[in-house]
Amino acid sequence: MLDNTQGLHVVAQTPFLPDGAVDHDSIATLTDFYHGHGARGLLVLGVSGEAQTLTPDEAVAIAASYVAASYDLPVIAGVSSPNLAILAEITEQVRAEGVAGVMIAPSAGVRTEEDLLAYFDAVFTRIGDVPTVLQDFPASNGVLMSVPAMARLLETFPQIAVIKEEDMPSARKVAALRAAAPRPVRILTGNNGLYLPQELARGADGPMAGFSYPEMLSGVDRLLREEGDSAGAHTLFNRYLPLLKHEAQGAMGIALRKEMMRRRGALAHATMRAPGAALSADDIAELDAILTHMDLPA
Amino acid sequence: MLDNTQGLHVVAQTPFLPDGAVDHDSIATLTDFYHGHGARGLLVLGVSGEAQTLTPDEAVAIAASYVAASYDLPVIAGVSSPNLAILAEITEQVRAEGVAGVMIAPSAGVRTEEDLLAYFDAVFTRIGDVPTVLQDFPASNGVLMSVPAMARLLETFPQIAVIKEEDMPSARKVAALRAAAPRPVRILTGNNGLYLPQELARGADGPMAGFSYPEMLSGVDRLLREEGDSAGAHTLFNRYLPLLKHEAQGAMGIALRKEMMRRRGALAHATMRAPGAALSADDIAELDAILTHMDLPA
Amino acid sequence: MLDNTQGLHVVAQTPFLPDGAVDHDSIATLTDFYHGHGARGLLVLGVSGEAQTLTPDEAVAIAASYVAASYDLPVIAGVSSPNLAILAEITEQVRAEGVAGVMIAPSAGVRTEEDLLAYFDAVFTRIGDVPTVLQDFPASNGVLMSVPAMARLLETFPQIAVIKEEDMPSARKVAALRAAAPRPVRILTGNNGLYLPQELARGADGPMAGFSYPEMLSGVDRLLREEGDSAGAHTLFNRYLPLLKHEAQGAMGIALRKEMMRRRGALAHATMRAPGAALSADDIAELDAILTHMDLPA
Amino acid sequence: MLDNTQGLHVVAQTPFLPDGAVDHDSIATLTDFYHGHGARGLLVLGVSGEAQTLTPDEAVAIAASYVAASYDLPVIAGVSSPNLAILAEITEQVRAEGVAGVMIAPSAGVRTEEDLLAYFDAVFTRIGDVPTVLQDFPASNGVLMSVPAMARLLETFPQIAVIKEEDMPSARKVAALRAAAPRPVRILTGNNGLYLPQELARGADGPMAGFSYPEMLSGVDRLLREEGDSAGAHTLFNRYLPLLKHEAQGAMGIALRKEMMRRRGALAHATMRAPGAALSADDIAELDAILTHMDLPA
């Protein structure tokens, strides 16, 4: 089901009401916003979707709301967990709600190539034939997968249809994966889109990232992959880069992104559940200064 | 409710049937076994209770079975999770099943003293007035809490009634905590009981550990804390030390412990859910060689 | 001697000949280049100076060459080491060669605030009254220092004259340090200059960073701190941002920076000692594509 | 030169005078002590030889003193360092002083199997044909080498003559290495000797460990490997186990070991350079209590 994955897959926010409850109404406006700005698919329940703050029931309900609102865009759900029983249970539940696939990063304890194979063997024994995005993101889980190790995963587990590549430097790794993959696989790239022109030039199939101007991500992808317009792609990318970089700052970056999306009408409240990320007056002034000195469309 | 905690608190196993389902019948025999060998309380759903392999529903059901079987022994449930929403939900559910308290280790991301205070502030804001065991176990979560930091936690959060101390060298840290604690607190010690005589001599209130001969743990505790018989305590401890040390080997150690407890009739099957821990014929021969050359009671 | 530290302090490259020997001649041209583009000081023997590949004797000789070429610019030497005996020995030797101070990050084993105080107590007991830059860079050493902990270091150790702040988000931490510092201290910021306008706006005294166009770093610093020209500073910063970001990619980034500096005539060879960082034809084409689509001065 | 390595290789202490200077006179008495209690070789400059506190010149001088005193026992020097230039320089210098080989653990940054191969390629390119002990000790450096990865190292680098195995559970890994090794290799085991009977039973060639009663380590090795007396070996091992376990407690354990060796006349002073390890009166009382309740020879 994920075999033809390409183009922008937005890493979707989880909207909250001011009291911290999930804001299911804003899921509909968010989905409109993503769809209207070029998304070809959605990744929900990722780290920047604040999945770590959700109970399993909430997580499943959010996936269901996104599926209901999604215009036939495929919805992929992040289900990584140190607990395989929870991973399997949530996978089953979100599949029942209609998600097209799941995204899984190996658990923090995985160290050797043998461990890695054993880990995914345990995963797929439990979840079965679910289309899967393999997330390669060592900055988050501490697991460094070599290119030969990832090739072995592709060889062994036909469920892996897509790789989300965000090991740095990512453009080099995309090229190495393309050269080493023993079968066709789709490669999307993350890292907040910071290296998108380079990743696409080296063979990526699109971005899987969040940004308050998703039209930049889809535009760069279209210009480079479909129109071969490198100059146009770089110009568009550079224009938004100061804000893109500013949003790529961990939990504070998510807070900034939600604030920007609130201003753009994509969600009702910028509330985050994750502790410590509330924006101060200085943070807002800093954001405004960046916006003032950029050349954004009106 | 945990204010008078002392004596052996057994880190309880989770029994499984050969097909991997939870063996609730064996929970009753295990509880008899622990009770009959001197337990004054039970810690369920710990790491060596294979909590990482259980769904939240399974975890709550296991806690309930232990409470039902527990002879008025207080049952404490491990609820640590990187996800505070899950931690809070399980806490509420196990409390409803009658556990006396919960055990919590700070999440792996906690680094500075400020982080630590903020973490437990977030925890207690969510779970409220639940009697809590603070677990100090850096080998597991990578969080090193200094003695002054732990004193600040005790000062700030009256819910913390007990510390489970297993930072090495643990006997020294027990003494330092006793000297620095701003209010009375109970201190139990873990690390599989490997340093029990020293920890008790420096002020610990008992062991919180698992061992296939819990009568050794309760015996050493009684001899040292109640009877002041240091010679007797060391002699008893040394007699069992070869097996105690052999069981203290991570996942393989749990498999060995379950095998020993199966042989002693405490549970029906030595099955583990955790992958990779199955015992080979060589592992069994190794265990038998150790037992042969020890002077165990018939 | 570092009490009036402000303005651009360039993180200097170590030039090598094609055979891997240290290229002392290029140290003179590099120093001219840094000086001519606004440097007020130099940091030598940092991570991006490939210090991990140098013997102690080579390191001291490099510091000496920089001091000899430095136009009265203060030269600060990175001396961090897991081995305090080596740290102290190199400190003594580079001081004898005339460096103005040293930069030290706590060793990877340091975890609690108590450890941190004990670590710097051991350091300063050995090295004495050497003006010191305290480097706060958890992405490199895994040591997260809280603001209160850093305030205690400032209180306890008068040798600390400067903080190199590169804990993310860095602008927030600069502001927090300014508010909490118990005495005057200079704050320079790193992270390859990626957040420079924000850091300066929150109270930093200048950048301590490397970039192949150091005139941008010194220009942004002058415009913001001396001329109060926020618009000019942002415009200048944004103009160079695509390349700045591209150079901020670990070992590959250093290789790219050296290649750019070779093109600009600042050093004779782009050779790196660090393994794995050699640039491929694709890497060069990628760099050229970025340059083509930027609006760099002729 | 290390091809016939077997039997006890003592992890040697570095003796210091009360003022912290290296006590070269005690190196002679220590060597007598190790030799007289069954050592077939020495490992100097290991972690428990406090190598992290020595300058390179001191380290080389200590190796030279051990070689001079060593009765034709081979002396192996630990040379691990995050800095390959220092590793290579010290290797060359200790070889010039007559050491039989060096011991190297991969540097902390090594993560994938590809990294591992590249790391040792860089090492052996620099040091050439030096007989080498490969140390497998993830608890110290965070590098987990799988059995297939170690087999590839053996295949690729003929310099590796010995493996020091201390990844847990070590007896299992010894057996797996024996089964997978593509050529003959000697395997010594560490972890303070805590699992020695099991490791020898699974195919190890002897211990490489420190203990204040090295005659136990050499005795267990002789009884099991040469005389096939399993009962005798276990009995001897168990008799010393309470102290063996007590010495296996990191920096404090080294302090205890030095104190015991001082009492036995093996060195003049128990002084450690490593900070934080000084023994308190309570630590001494604790040690004495353990000794009192053991059945040690007079």
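Letters A, B, C and D name the chains as they come in the text, with residue numbers starting at 1 for each one.
Note that a residue touches a chain if its C-beta (ideal position, glycine included) is under 8 Å from a C-beta of that chain, and two chains touch if they have at least 3 such contacts.
Because the structure is predicted, anything quoted here is derived from the model rather than measured.
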Common touching chains of chain D and chain B: A, C
Chain located farthest away, centre of chain C as origin (C-alpha): B
Separation of mean Cα positions, chain B and chain A [Å, integer]: 38
Distance between chain centroids, defined by C-alpha means - chain A, chain C (Å): 33
Where chain A and chain D are represented by their mean Cα positions, the distance between them in whole Å: 47
Overlap residues in chain C, where contacts from two or more other chains coincide: none
Overall pattern in which the protein chains touch one another (line/ring/star/complete/other): complete
Contact footprint of chain D on chain B as seen in their complex: 168-169, 171-172, 175, 194, 197-198, 201-202, 230-231, 234-235, 237-238, 241-242, 245-246, 249-250, 252, 282-283, 286, 289-290, 292-294
Touch list for chain A against partner chain B, complex: 52-56, 58, 82-86, 89, 108, 118, 122, 275-276
Residue numbers on chain B that touch chain C, as the complex places them: 111-115, 138, 144-149
